[in-house]
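Take a look at these structures.
Below, chain A partners chain B and then partners chain C, in two separate complexes.
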Partner chain A sequence: MFTHIGSIALRVYLYYALWSALYANNGPQQSFSFKDIITYSVLALLVGLIYNVDGPYVVREKIREGNIAIDLMRPISVPLYVFADTVGQAGFALVQIAVALPIAIGLLALTGTHISAPASPLIALAFLVSVALGFLVNFFLDLLMATITFWTMEIFGFQLMVQFITSLLAGAVVPLQFFPSPVTAIAQASPFAAIYNAPLSIYLGKYQGPELLSTLALQAVWVVVFAVGALALWRVGERRVVVQGG
Partner chain B sequence: MIISADRLTKQFRTLRRKEGPLGAIATLFSRDYEIKDAVRDVSFKLDAGELVGYIGPNGAGKSTTIKMLTGILVPTSGTCTVDGIVPWADRQANGRQIGVVFGQRTQLYWDLPLIESFQLLRAIYNVPAATYERNLREFTELLGLDEFIRTPVRQLSLGQRMRGDFAAAMMHEPKVVFLDEPTIGLDVVAKENIRQFIARVNRDRGTTFILTTHDLADIEKLCARIILIDHGRKLYDGSVETIKGRYGRNRTLTADLNCENCDDVRITVPGANVVSREGPRIVIEFDRDAVRADELVVKLAQHYELRDVTIAEPPLEAIIRDIYQHGLGDGSVAARDGLLVTADVETVS
Partner chain C sequence: MASLAPYWRTYAEFWRLNFLTLAEYRANFFVWLVFTLVLHGSAIATIWLTMNRFPIMNGWTWQQVVFLYALYWLASSLNGTLFFTVGDVPWHIREGRFDRFMVRPLDPLFQIISQPGQIWPDELIVATIFFAIVQGLVHLQWTIGVAGLLLGAMVGGAFIDFAIQLAVATLAFWVVRLDTLRWVVMSLETDFTRYPLSIYNRVVRFTLSFIFPFAFINYFPASTLLHKTAQGDYAVNPLLGWLTPLIGALWFTAAYLFWRRGLDHHQSTGS
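Now for the complex of A and B:
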């Protein structure tokens, strides 16, 4: 846990150094002030602690090694079981955030930079709802990827590729608004934006009124789409499961 | 009848892997399948309370059959029921009534103390508190769990872990328990402990067991009935006594003679072979049906003073090894005696 926090501190500092160099040379980007972009990066790191809890990863390993047999012989729904496990781990990530947040704020204060607070309690609430929805989209996406393992036992390279595209299109590294505008439009319409970009933009007040509502609604739609997709695929996979090993 | 398997068949389709740098991707789109018949047309019925040995050489299809009975694999054709439930059609309902021990994998939680695994299983199976307490007490005593019940599972020795796994599999009082090589890698004491545990649960609770093992001492000590499969096909289904009577006709007579020039001893009995001679000890093998043991002993006694005589039937292991290597003979004997339940005798090589 402490190495985790150490690496967060380091990354906060790296983002700070990166963005201050960029902003010093090119001035503010799009609608993001320097304070905005630092806030975005720090929040992306912290929210990432929750999202990076890849509960279904265990399922992937179990399918490959055949230990999924143990779960399948029990009177349980494996997706539900994995979900409970993921929520539990996310709870632990919240504790990490509680420790890491003051450290990040303190560290930035040393450089004279401050993170913006949410503009209003309503924005704060919308942000929390949005993070929860993002968590669900992320979970079902992970579950979907894990489920594909039923068909393709060796999928590691593919997983890495998807992870990379996800984090890029999700806005985990750079706000989507920074891309050339056609790309931004596509990325924002993509389900991945529902994971990072939506909650972080809401926090920064980039969406107001109806736009905010439609952003949340779109997130909810993605939750449903991925949940239905992942669970349906799971049902099929479970029935054709080939358990490895004697 | 609690288990019925009806022409269970499982074929595995495996993709032939492509070689080369893009092999993984090429494999993904390849349709070049290899078909492997793991289980073919296997049928049997088990009554509640039976303890049946399911044996066969490596790759015979034992684990595959068990996976179908536990609902983990869907058969290619044929069907089975476990207490009226089709396992793969209602996997969760089946899960509630079965227990499984895989010698090769553990169902305990690696990082948790044993006792916490039990508590989790209690929640998963919804075991009433009183039942749980009673079972925990009984299993702890029978399996000697108290020494390590608070130790994380990853720190347990194999034997300790297996004992934990047995308790875990029985905590919800399943009607049927599947044991896939449960004694693999255990020392003689641990094996005996596990065997006694199985026998006890079977006797006291009427739990039905299917046991696969390569240690035929497990079978001899526990099972009245065996089902023998090879290459996915059932070869034999019947009592251990019958198979011994039919295929273990050879007896070994070991005699210690009271002789001065032991090396000069010559014995000729039709149907009997002297298999070893070492000083005064002589070992003779004979066909129980061709030679009468009493005649053999009398004949020996006429010529020599006998200090000690023992006659042993072959261990089940020798009989089974013989069947693995040579099949069930010409098949006709078995067929005539109703031993061979499968119709396709010609597959017995």
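Now for the complex of A and C:
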């Protein structure tokens, strides 16, 4: 808990220092104000507390130790209870956010910087929906990774690699809007944008009207794709355990 | 001074065992190699993407900021290759397995850093290749002085890194859990050394220069090498870049003395 809050505080300062130097040296950006980037960075850190909850971690450990056989015998779907567990942990992340947000705001206020509030209640609502969709994409991605453990047993290094690439292409640190245009297009079309860049851009009011709706719809498509993929792979992997006898 | 022969023999044996594990865990070796490449690749890509729309950071181009990264990676991978296992000290203490290092006839710290494991110089090699590429990007002009300064930055920097990790590990003699402190120091080290020191406020600059002197690993040597010494607001005294070996020696001595006190403390609890 303290580690998380301390880590957020340090990073809020780091991003503030970084972006203020870059904006002071290179002048303003037409599509992204200094206030926008600070808001983006702080929100990315905070929603990161939710996304970093790795519920399917339990599955990975259980498959490795063989205990998964016992869970498979229980009369409840394993992916379902892992999901319930992840939602519970995300609830705890909300408590952390409630503590970290005032700290971040206070820290920034010391430097005379403020983060923006959502432009309207509708934007705020769309942001919350978008974070929820991002949470689902992220969850099914983690579940997919954990499911691969049925075949490989050891996946920790691979999963970390996927995490680095995800956070890069999701715009967790640098907004996709700052990438070179061709890369932006690729990254925005990738499922990873649904995790960070979509909700944060919605919050900042970068999408309006039909564009806002199509962004949410694309996120929903990715949720379905990853859910179907993860659950299908789960079925196959589960059968493998049954065949091997645990 | 007692004979050093047992030390050399043990150390040679340590590396022989490491290379034997390399032969045994070849697949694992490649997984970690790819992991290392992706980890550093994504960090470097982040620097490049950050500076895509913002070509200047307090007088530094993105190539020069990547040079900071390369210099830091060189020193930290040298530390990782030689002294990686010092991070295990808190774990040995917690598990009550530290006593065995106290009863054997060799120096305890030496025993810690010569615990065989899956320790291979792969990262050091990758970091060196990466540095060779990046020095071309920033058009480094090689002279004997430049080579000497680089060597000093690399070895001195590795000792700074080692000293801080040793000091933090030594705290485990008194405090059982220090995850938060370790995390803060690690963040200062890996996140804050990525950018020129001049972007931070006075407190952070002071901390990174004189408490956890990570700025001597890359920022000060790089400033000297890249002639960041006459840039008005961001001018850096070129002599500072030469001080890395001295800072490394001083901080290591202090950390070692602290470590000795930790050992005495451990004896007295007799756990």
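Assume the second predicted complex is superposed on the first by the 239 of 246 C-alpha atoms of A that agree within 3 Å, B and C clash if a C-alpha of one lies under 4 Å from a C-alpha of the other, contacts with A are read in each partner's own complex, and residues count from 1 in each chain.
The definition used in the following text is that a contact is a pair of C-beta atoms (placed from the backbone, for glycine too) under 8 Å apart; a residue touches a chain by one contact, two chains touch by 3 or more.
Only a predicted model underlies this, so the values are computations on that prediction, with no experimental measurement involved.
Of the two partner chains placed by superposition, only chain B is touched by A:241; chain C is not. Using the contact criterion defined above for the overlaid structures, shared-chain residue A:168 touches chain C, although it does not reach chain B.
In the overlay built on the shared chain, the residue A:7 is in contact with chain C alone; chain B does not reach it.
Contacts of A:66 after superposition on the shared chain: chain B is touched, whereas chain C is not. By the document's definition of touching, of the two partners only chain C reaches A:179; chain B does not.
In the superposed model, A:213 lies in contact with neither chain B nor chain C. Judged by the number of chain A residues each one touches, C leads among chain B and chain C.
Applying the stated contact rule after C-alpha superposition, one finds that A:77 touches chain B and leaves chain C untouched.
In the superposed model, A:95 makes contact with neither chain B nor chain C. On chain A, the surface patch touched by chain B in one complex and by chain C in the other comprises residues 157. The residues of chain B lying in touch with chain A in their complex are 12, 24, 28, 63, 67, 70-74, 88, 91-93, 95-96, 98, 100, 102, 104-107, 124-125, 180-181. Only residues 2-3, 6-7, 10-11, 13-14, 17-18, 20-23, 25-26, 29, 157-158, 160-161, 164-165, 167-168, 173-174, 178-180, 183 of chain A touch chain C when the two sit together in their complex. Within the complex, the chain C residues that touch chain A are 31-32, 34-35, 38-39, 42, 45-46, 49-58, 179-180, 183-184, 187-188, 191-192, 195, 198-201, 204.
Residues 66-67, 69-70, 72-77, 152, 154, 157, 238-243, 245-246 of chain A are the ones that touch chain B when the two sit in their complex.
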